[in-house]
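Each of the two complexes below includes chain A, the first together with chain B, the second together with chain C.
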Partner chain A sequence: MLKTTDNKDRLMMIAFTVAVLAAPVILAPFGAGYPDLMQRFAIYGIFAIGFNLLFGLTGYLSFGHAAFLGVGSYAAVWMLKLLSVNVIPAIIFAVVISGLFALLIGYVSLRRSGIYFSILTLAFAQMSYNLAYSVLTPITNGETGLQMDLDDPRILDAATAPGQLPPPSLFGLEMGDTHYLSFMGLDLQLNVGFYVCAAILILMFYISLRIFRSPFGMLLRAIKSNQTRLNYTGVHTRPYALVVFVISGMYAGLAGALLVCMDPLAGPERMQWTASGEVVLMTIMGGAGTLIGPVLGACIIKYFENIFSRVNDAVVSNWFSGLPDSLGDFFSAIVSPFLGSGWQMSLGLIFMLVIIFLPGGLMEGVTRLIGWLGRLFRSRNNDEDAETTSAKESSPDPHSSRPASPKES
Partner chain B sequence: MSDNKFKRRSFLKGSAALGAGVVAPTIFTRTASAYTNEPGDSRVVLGFNVPQSGPYADEGADELRAYKLAVKHLNGEGDGGMLNTFSSKTLNGTGILGRKVDYVTGDTQTKSDAARASARAMIEKDGAIMITGGSSSGVAIAVQSLCQEAGVIFMAGLTHSNDTTGKDKKANGFRHFFNAYMSAAALAPVLGKEYGTDRKAYHLTADYTWGWTQEQSMIAFTEELGWETVDTVRTPLSATDFSSYIAPVLNSGADVLILNHYGSNMVNSLTNAVQFGLRDKIVNGKQFEIVVPLYSRLMARGAGDAVKGIFGSTNWHWTLQDPGSQAFVKSFGKEYGHPPSQAAHTCYVQTLLYADAAQRAGSFNPCAIAEALEGFKFDGLGNGPTLYRAADHQCFKDVLVVRGKEKPESEFDLLEVFNVTPVDKVMYEPDNPMFAGGSLGKCNPGT
Partner chain C sequence: MDAIFLQILNGLDKGSAYALIALGLTLIFGTLGVVNFAHGALFMIGAFCTVILNKLLSLELVTQSATETTPWGTPVEVHTPYVVMWFGKVGETMIDYSVFWSILFAIPVMLIIGIAMERGLIKFFYKRPHADQILVTFGLAIVLQEIIKQVFGANPIPQPAPEAFVGSIDIGALVGLGANAVVYPIWRLVYFLFAAVIIAGVFAFLRYTTFGMVVRAGMADRETVGLLGINIDRRFTAMFGLAAVVTGLAGVMYTPILSPNYHMGMDFLVLCFVVVVVGGMGSLAGAVAAGFLLGILQSFASMPEVKAFLFGFSIDQVIIYLVAVVILLTRPRGLMGRKGIMET
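Now for the complex of A and B:
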């Protein structure tokens, strides 16, 4: 049993790695193959994976995770301003600071569970938001957001071109550098920043996989299923929950640092409760407690935010230009409220549909689809040859090897 | 298990090598064009990045209308609007440098993060050569620095903070709109004449860069008159109910309330203040007064009767009688059925100024365009003779002091121009302390 799980994990890991590295090819046909959005997919993927470690395993629903993202962002900008435009110190510093911040908040919030825990984390996050917005203006620059400046000290690399702000880089590799490539009629944009994010995403996914499979992960799942029983059997659960809370906070801080490394600006709205709600949405939409689900959810929400919101009336009427005028107007009148500034409405609709019909998130949909396809094959093959069924069923599909829900994994 | 671990490790090594292999080619190649998003021979893409949601959504909608109108005029459709009155005659309705003007739009959500994401998408995905828009100074400053890093021109839309062309100025960024300092300089003499020189002022201020500099400028100029500043209170930009901020004003002993608010913030705070009966109060033996330093017609319409008799300043107003303003109001009205706001005006003008600069420079290279705009003197765009100062990329022109009309004739006729303050009264040196601290840096053409 252990052996097969390992094999499945290995397959999933390989499939995930290939899919992430080939993202520019996969995403280009959807109009999402440009650096900014791909970076966002990877970064919010990391954020959601980290959130899922806490929520998917222990069931503790944190409504304030954006605070850690924000703290990581500010910490990273300060490193870029004070030390060096190299992203490594910025990332390390951000992860450490957000980990400490998570330790502080987790220590207090984890004394309660359920809704009280959620409200506590929400309160802390709103507090951090307000601090960043007005009280700590000298550190955060308030609503305008903290940016790099020409006259920053930057101790380690003071000698840069005069009058130009050096972009964040990894030992001379600028994050904004993009290589353009034509591939099967698609214009691919291979961006340094994206591949830095992608490498970190793959690493973070692997760590999350190991945590899911470890005895520690098992204990976290036990906290989710029945914490009281654990306490009665003599297991003190709070340290375990605190550890995973801090890990999760560090994931968020890492995501915040990467956001800054890709685009050196940190604004307080990153910490607002809507941003905290967004990661909950991502995780639930993709499938809480699954490994790939959160990444998928993050991609879908960011896709809506960045692509659907930019479809304007002119584009819509262009789609229906082939139809007769009255019919075209009719269709664009129906479609346009859901596009452009109405993108949140269509996202809301999809979220409702997912919750109602696929309570386990999109990954439940994928598993059901694969199960249905499997049954279809089986019934067809039963008529012809019953022998081949088992072979088809165990075909090495990366998705089928992925656990559908925490119970199964 | 040890056997498994070994495989895991070798797998990790393998994937790391694979990752490095994919990253490697990007190290050695860069694009060949001379500057970011060098356009082809047939079309050029402009990015209109405006708030379609949030407290400045009304302004954003009007800005977008103006941009679309400007694109039409540049492409030779419609009646040409201000192309006919503009003192520079290089634009002839054939697009820019013979290329058809195309545009993409985006929603800034009045948030720096979202605005930068939207602007980056325009630059990276749609190949926009110029970004314009913004109805919040915080957003404008954030997008301006992004454009500086990316190597495209940023033509600021409605942004009134001193910092946009002050401590946060950038070589690739240009502002036609006036600023908080000019508002205060134009408004203070009028306030002194109308309300006297021994007033006590209480400030409510939107808590971000624009509010801060507006408050600073108003305090500086009113205290010069002899006014006293009783208190200054910061309110969050996202606030919608200001009653809890208004109540303390009554007990503070102040007899003037200065609302450093804009957009729906101002609509709500002014309405709250009037509902609390502030304007009917007599404090210190004087009639209580309210001042709104930055006014717009859209806000006046939102606030309704509350604006009657209230002073403020504005960049432009549609009732101006010069040929440029008239041509613009006529073609905007024909297109959309109502007169344009000051936000629409500045955005339209910025688009024309960019197009003209490209035409005169004979190139879309940001550095060539910046050179063409720096020190450019022009007229016929509704504000009289105007100078784009090279030192800070700020336009200098007359400033209008306006007052809410007591008897409006229509829903658009809500403000009357009380006074036109000539440009030399609002001029300042680039090293004025309210603007000091930053530097333009060098123009960045990207790649």
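Now for the complex of A and C:
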């Protein structure tokens, strides 16, 4: 049993790696194969994977994860300003700082669970936003946002390029470098920044896979299913929850650092509650508690955000230009609030629709579809197969060898 | 002494708003067990009720003056609101007091919105996990906020207080602290009194009416009340409507203090969540007390003396969160929280 899951994981890991590395080829037909968007897919994928480690495994719904992203961003910009434009120290520093920040917030917030926890994390994120916006202006540069400057010390490499502002790079490979390539009639854009993000995404996916399969991951899942019983059996759950909270915060900090490495600018709006809500939506849309779901959700949300927010009124009226004038105006009046700057409204609506109709996310949708198709197929053949599959479905996780204990009342 | 008195007064208006919103939140939470992230949107909608009514009342007829001309030679435009045309002097007062008319306007509107929200959306989420309830109301909050943004634009829309309530009064002289020691804007005092009346009204309603008694019984043990043959669901729906009205009215009366904008709801909501947590989830008295307490604390934190004491850091933005942290570390259930509410 253990062996088969191992093989399955290996297969999934390989498939994921190939898919990520081939992203420019896969995404080009959708018009999403350009560096900026692909970088965002990978970065928010990392963010969502990290969030899923917390929410998917333990069920603790954090509403303040954008704060860690923001802290990571600020830390990374400071590293770029102070040390050098190499992205490695920036990323490491950002991860460490956001980890410490998560430790602080987690220590307080994890004293309560359920709704209290959500409220507390939301409050802390909002506090960070307020701080970044006003009080900590010397560190965060307030509303304008923090960016690199010619007067920065840049201890390590200021001497090499005097009087100019080099873009962030990885040992000389500039993040913005793009190689254009024609492949099977598609114009591909192979971007250094994207491949840096992709490599980190794959690594982070692997770590998340290991956590999911480890005894630690089992314990976290036990917290989700019944924390009280864990406490009664003598397991002190808070340290475990705190560890995963910090890990999750570090993922977010990493994502923030990567955002900065691609575009060296950090603003307080990255910490706003809508940003926190977005990552929750990504995770749930893809499927919380699944491995691949959050990445999928992140890609879908960012893809639609990109498409929706680009459309402006002129484009909308162009769509309906075939219709009579009054009818066209009527339709564009209905559609346009949801597009362009109204993307947030569509986001809110998608949010509600997903929660109402598909709380398990797309992955659950796919599973349901497969199950439905399978049942359809089987009912035509014979009915005996149905019993074996239902037995397989109800069998508990392969790792638990003990018989399932009776459900609590 | 004067300064302290002044800061307490300063904290009262914000504290009143916190207390009213937190009261609404707790009403919904205590009866239906739902944490309503769209509650801030109700506050905002209440504020925009004032904006709508004011716009309606001051719809104008634009005519061109026959005699006067502008320096450019074109006739001066004369704006006459229809209400003034129809009712003359009475019409002018109507526009001037539009905030008070908005109360009458907002009560049915908020009641309908609240009941529609409960029947149309939240009803389906009682049996779902709390995370789902949070998320769906969160989505609703975004949608409502964006609708307001689409209709009214992103800029704040200033609403004047009625003429008679503009300006300040010298409270210091009234209580014997010497002239001009404590000067306080009249409207803030009105807001505080209004909030006090509403809060007293809600408590009296729950305490002294049969309806309120049934609701309290339902809060304590919903099942038993249901078994007694009382349709408790319908009363809880009404309580949701009541909570929406309370929150909406808090928004209506707050407009002269803070110009309504589309994100005011969420700004207040986050703070009010903290208020509710500090007061103790599910405790109405705790919510009100914590609301005033934190409002006053916030105003003390913004004193220049405090700032000087903390080496120039102004902590008025974060004091509430810091207090929340301390309370949670020392009294995890909040000031007046009871055992067994949201403990898991």
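In this text, the second predicted complex is superposed on the first by the 318 of 409 C-alpha atoms of A that agree within 3 Å, B and C clash if a C-alpha of one lies under 4 Å from a C-alpha of the other, contacts with A are read in each partner's own complex, and residues count from 1 in each chain.
Here is the rule we use: a contact is a pair of C-beta atoms (placed from the backbone, for glycine too) under 8 Å apart; a residue touches a chain by one contact, two chains touch by 3 or more.
Small disclaimer: the values here were computed from a predicted structure and weren't measured.
By the document's definition of touching, neither partner reaches A:A67: not chain B, not chain C. In the superposition on chain A, A:V280 makes contact with chain C only, while chain B stays out of contact range. Judged by the touch definition given at the top, the superposed model places A:V192 against chain B, while chain C stays out of reach. Of the two partner chains placed by superposition, A:L110 touches none, neither chain B nor chain C. When the two structures are aligned on the shared chain, A:S134 is found in touch with chain B and with chain C. Judged by the touch definition given at the top, the superposed model places A:A257 against neither chain B nor chain C. When the two complexes are overlaid on their common chain A, residue A:L347 makes contact with chain C while staying clear of chain B. Counting contacts by the rule stated earlier, residues 134 of chain A appear in both its interface with chain B and its interface with chain C. Chain C makes touch with chain A in their complex at residues 35, 121, 124, 128, 130-132, 134-136, 138-143, 145-147, 150, 266, 270, 273-274, 276-277, 281, 313-315, 317-318, 321, 324-325, 328-329, 332, 342, 344. Across the complex, chain A meets chain B through its residues 6, 10, 13-14, 17, 21, 31, 34-37, 40, 133-134, 142-145, 147, 149-151, 161-165, 167, 173, 176-180, 189-192, 195, 198-199, 202, 206, 263-265, 267, 269-270, 305-306, 309-310, 312, 340-341.
Note for the complex: chain B touches chain A at residues 4, 7-8, 11-12, 15-16, 18-19, 22-23, 25-27, 29-31, 52-53, 104-107, 111-114, 116-118, 120-121, 124-125, 137-138, 141-142, 145-146, 148-150, 163, 168, 171, 207-209, 234, 236-237, 438-442, 444. Of all residues in chain A, only 59, 61, 63, 108, 111-116, 118-120, 122-124, 126-127, 130-131, 134-135, 227-228, 273-274, 277, 280, 284, 337, 342, 344-345, 347-352, 355-356, 359 touch chain C in the complex they form.
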